[in-house]
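Across the two complexes that follow, chain A remains constant while its partner is chain B and subsequently chain C.
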Partner chain A sequence: MTGQSTALKLLGLCALLAFPLMPFSSEYVLHVAVLIMVYAVLAMGLNVLPGFCDLLDLGYVGFYGIGAYTAGILSLNYDMSFWVVVPLAAALGALCGVLRGAPTLRLSGDYFAIVTFGFTELVVLFLTNEIWLTRGPLGMPGIPPIDINLSWLGIDWRYDFMSETPYYYLGLLMVAFVYVVMCRIEDSRLGRAWLSIKEDPLAAASCGINLMAYKSVAFAFSAAVGALAGCFMARWSMFLAPDVFKFWESFLVLCMIVLGGLGNINGAIVGSVVLIALGEVLRVVLPHFGLPTETRFLAYGLLMILIMRFKPGGIFPAIAATSKKSRLIMDLKARLQAERAG
Partner chain B sequence: MDTILNIDGVSKRFGGLLALADVSFEVKKGHILGLIGPNGAGKTTMFNCIAGIYTPTEGTITFDKGGAPVSVGGSRPEQMTQMGVARTFQNIRLFGSLPVLDNVRIGRHCRAAQGFWGAVLRTKAQKAEEKLLVEQSLEYLDFVGLKHKALDLSSSLSYGDQRRLEIARALASQPKLLLLDEPAAGMNPQETGSLVDLIHAILEKDVTVVLIEHDMKLVMSICEHLVVLDHGVKIAEGGPREIRENPEVIEAYLGRGAAHA
Partner chain C sequence: MFEQQLFNGLTLGLIYALIAVGYTMVYGVIELINFAHGEVYMFGAFLCVTIINSLGVPLFPAMVLAMGLCALMGVSIDHIAYKPLRKAPRLAALITAIGVSIFLQNIAMIIWGSRPVPFTRSAVPAAFSEQAFALGSVSVSGLQLFIYLFTTAMMIGLTLIINKTKVGTAMRALAQNATAAALMGINVNRVIAFTFALGSSLGAAAGILVAMYYNTMSATMGYNAGVKAFAAAVLGGIGSVPGAMLGGVVLGVAETLGAGYVSSQYRDGLGYAVMIAVILLRPSGLLGKSVGQKA
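Coming up: the complex of A and B.
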């Protein structure tokens, strides 16, 4: 059984790696694939709050915006390398995440949702009005693409990301990195503490879990992942404007994790694939019916209603799924089975 | 005999309702104390005050965590657990979507240390701790007789098993004082019987127990000392025989037939 599933996983990995080499992989197809990856990272990052801790976050793209503009400003004005910008943006994102969550720590969950809603509006207003820093509604064009420059090692070698293909591979690496980190955290003392807060905060506190401390870690981590996605996006699209980070984007990411299954990491990825792919298809199809492309939000809504009606837990409803497949638990399962038989 | 918990003049007010009115009693180390009284007497409220969920409106609670007794009224629940007070809930509060094992692993949270970076980097110490957590959790499950169900979903357990799992989760925090809120509620006579054995085994582990229970046969058979609450007021205190014959307790709670039961 395990041999079969590893073979399947290997096959999937090969397919993903070979994807850009296929004849159908035009720049457009690769562009959509990279977009899916950005949203997959956003969905996994958002999942930490509503999925692991039961904290409804309605303003997640605020951190996406903070990460993107941090990358844009540092790259444009200070000529900083992408690799330096990423940790800085993630750290700033984490700080903003904690600052945003701090006022709600002593309040019930509903207040958190209200504060997060206000937060995205605040970010968009800031990006629109602080023209000296962000150029406001004019947006920020001319952000340089990602490059790999080994001059600091004394080697005269430089590679610029000029097509979608290198972004595809870097994006894949980013998704894999965030995925592994998420899985490791989910199957750990920290992840279990989060899940216990989701299940029953009072019982969690009675088990010795400091709710405020653990929620703060969740705020910081979730926001840092959002900022990471923003960083990548800024240096990929090379243009930023404030209205990319409106409330609707947060809602879209939220739909992805609800569709995939709240609290399920695989679900977050599947949800982003489904909704972004659907969005692209609708963008082509809708004009044929004489409908504006904005009607795709109606289709998203319809999809959400269907999932709520027929599969309310999402495509993958299980929580703590990583732990179930961990070596420790598999060993234990075998041991218990042997004990029962013996 | 040492006192592990001292309740001194504790009152708790909810708006216009005085749920506890100037209640005082002591819990002796290594013994089991029964807290009884009619519905709404304030028993669970007393537990919530001890466990840090409510702050008493008045009065002091001192707990001896080893060393000198400290005043703990108004501490947060996680601080109380850390100090060695664990509790179960009257209306079972398990982490229902998680496996039985995870409930106990979470119960052991305060006796483990690994955080964010340990989890991400999977350090040697983190892996060792995770392994140890599983082994220790299995021991607690074995203790309450649920080891073979370690990987089942906790909400799939029978009512009696869920109560046992709550006890295992509470024990996993290595408490000095265990508060059991109606552990026999909803159990059949057979399950109640094995609960009695379990409570005796807990006492043998040097854990002090405070028990809220409406099953008088159970309470009278295992508690050496009883405190009776009625409408937030302590109306009697003493050994089982004394309590059974106390006219005030008979009037308020036991009913006239009880003295001959």
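Coming up: the complex of A and C.
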């Protein structure tokens, strides 16, 4: 049984790696695949707050925007390499994440939801009005693509990411990296602390868990992942405009993790695949009915209501069980679930 | 100039107060942030204009009709979406609320399109656009005067309902302790439905007034109004009805003065800044009870 599932996983990995070489994978298909990866990273990053800590984040895309514009500005104005920009953007994202969460650290989760509700709009307002920095509504064209330049090693070799294929592999690497980090954190001391805060903050505090410190780490970590996705997106799409980071996008990412099951890392990836694919289909189908493409969010809203009502664990609860996790936590979660049901 | 801004701010603030009251009442009885309230406000404006345009009804009956429809809408939202989740984890209800909000926003976009729509000018009485009275350098239009009178009347009516009637007493009981209220024979679901109806009709009225005041409405207008009305509710102390009224007025005046003297681009961000400041300095708000430490 175990051998079979390992073989299946290997097969899946091979399929993913060979995907761009297949005849049916046109630039468009690869573009959608990369988009899925960006959203998978966003979904995994958002998942930290509502999934692990029970705090509803309604403005997550703000960090995506902060990361993207940091990458855009540093790359355009200072000619920095992607590899230098990533840690800087992630650090800035983390800082903003802590600043945003800090006022609500001592208050109930409702206040956090309220504060995050307007956050995306605040970021968009800043991006639109600080024209000296961001060019405002005109957007930011001409961001250079990612390149690998080994001249600092004394080797005269340079590779520019000119088509979708290299972005596909880099995106795959990024998703894998974030995925592994998330899984490791969920099983770590940090992840257990978050779980206890989520289940019962009062009990957690009385067991000596520093609520404010652990929540701050969650704010920073979640935001840094969002900024990372933004960085990648900026150097991939090579154009930025404030409108990309509207409230709707936060909602879309939230819908992904609700679909996959809150707190479920595998589910976040599945959710992003399903919703981006659905979005692409609706983008083509909706105009046939004479509807604006934004109305695809109607389906997302409905989906969210129905899932919360009928399947609060996400539509694929089986996927959660197949992810490798420490026995201890699995048992604990099962016991908590049983207690809640009974 | 300053006095004029003050009066304009008061107009806006009274409207915010009308929306904020809906948020705070629902939060008081079921401890849920009803994100869909902003959409009810938007529907109020659109329904009113649709009734005027398609049925040829004059403004005031159309307004009452739209408020009634929105009250029905609020009750339906609660009944269909929130009621099944009363015993579910908090997060489930919050996510449902945001889902309802997005859903309604898109329904509106499908029905009325995604572009802004003007308010039907011919239905608005001519006196509204004329100057009603002038105090020194300050000029107040008929519409502004109407907004002052109408919102004040609504607030007084609401205060009377909450403090003097049986259902208002039940609402206050529910806000204090839902279990004890149920044990005392209060029909909890009926009181919650009444709260939604009351809040939604006031929200709808606010939407109609805003649409008349700015002569425009759009399917996405509920989001910004929602953020600001929240800010007002938090400023006044969430759960406190007089607090929401005061918070709305303070926020409206602050926003107008801020736009006039500090930065007009960040006008929409000001409400947010006020909210952060309140949460940092006095989370219980101006008139609210103190909020617990429990995360």
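Definition applied: the second predicted complex is superposed on the first by the 311 of 342 C-alpha atoms of A that agree within 3 Å, B and C clash if a C-alpha of one lies under 4 Å from a C-alpha of the other, contacts with A are read in each partner's own complex, and residues count from 1 in each chain.
The definition used in the following text is that a residue touches a chain if its C-beta (ideal position, glycine included) is under 8 Å from a C-beta of that chain, and two chains touch if they have at least 3 such contacts.
Just so it is clear, the model here is predicted, and its values are computed rather than measured.
In the superposition on chain A, contact is made by A:T295 with chain C only, not with chain B. In the overlay built on the shared chain, the residue A:M304 is in contact with chain C alone; chain B does not reach it. Look at A:L202: by the touch rule set out above, it reaches both chain B and chain C. In the superposed model, A:D110 lies in contact with chain C only, and not with chain B.
When the two complexes are overlaid on their common chain A, residue A:L42 makes contact with neither chain B nor chain C. Looking at the shared chain after the overlay, A:F221 reaches chain B, while chain C stays out of its contact range.
Here chain B and chain C are compared by how many residues of chain A each touches, and C touches more.
On chain A, the surface patch touched by chain B in one complex and by chain C in the other comprises residues 202, 205, 211. For chain A in complex with chain B, the touching residues are 181, 184-185, 188-193, 195-196, 199-200, 202-211, 217, 221, 319-320, 323-324, 328-329, 332-333, 336, 339-340. Chain A makes touch with chain C in their complex at residues 50, 54, 56, 58, 103-104, 106-111, 113-115, 117-119, 121-122, 125, 128-129, 197, 201-202, 205, 211, 215, 247-248, 251, 254-255, 258, 262, 291-292, 294-295, 297-298, 300-305, 308-309, 312. Residues of chain B touching chain A in their complex: 51, 53, 76-78, 81-82, 86-87, 89, 93-99, 101-102, 105-107, 109-110, 112, 114-116, 118-120, 122, 126, 129-131, 133-134, 138, 147-148, 150-151, 169, 173. Remark: chain C residues 27, 31, 33, 35, 81, 84-85, 88-96, 98-107, 109-110, 113-114, 223-224, 226-227, 230-231, 234, 238, 265-266, 268-269, 271-272, 275-276, 279-280, 283, 291-295 touch chain A in the complex.
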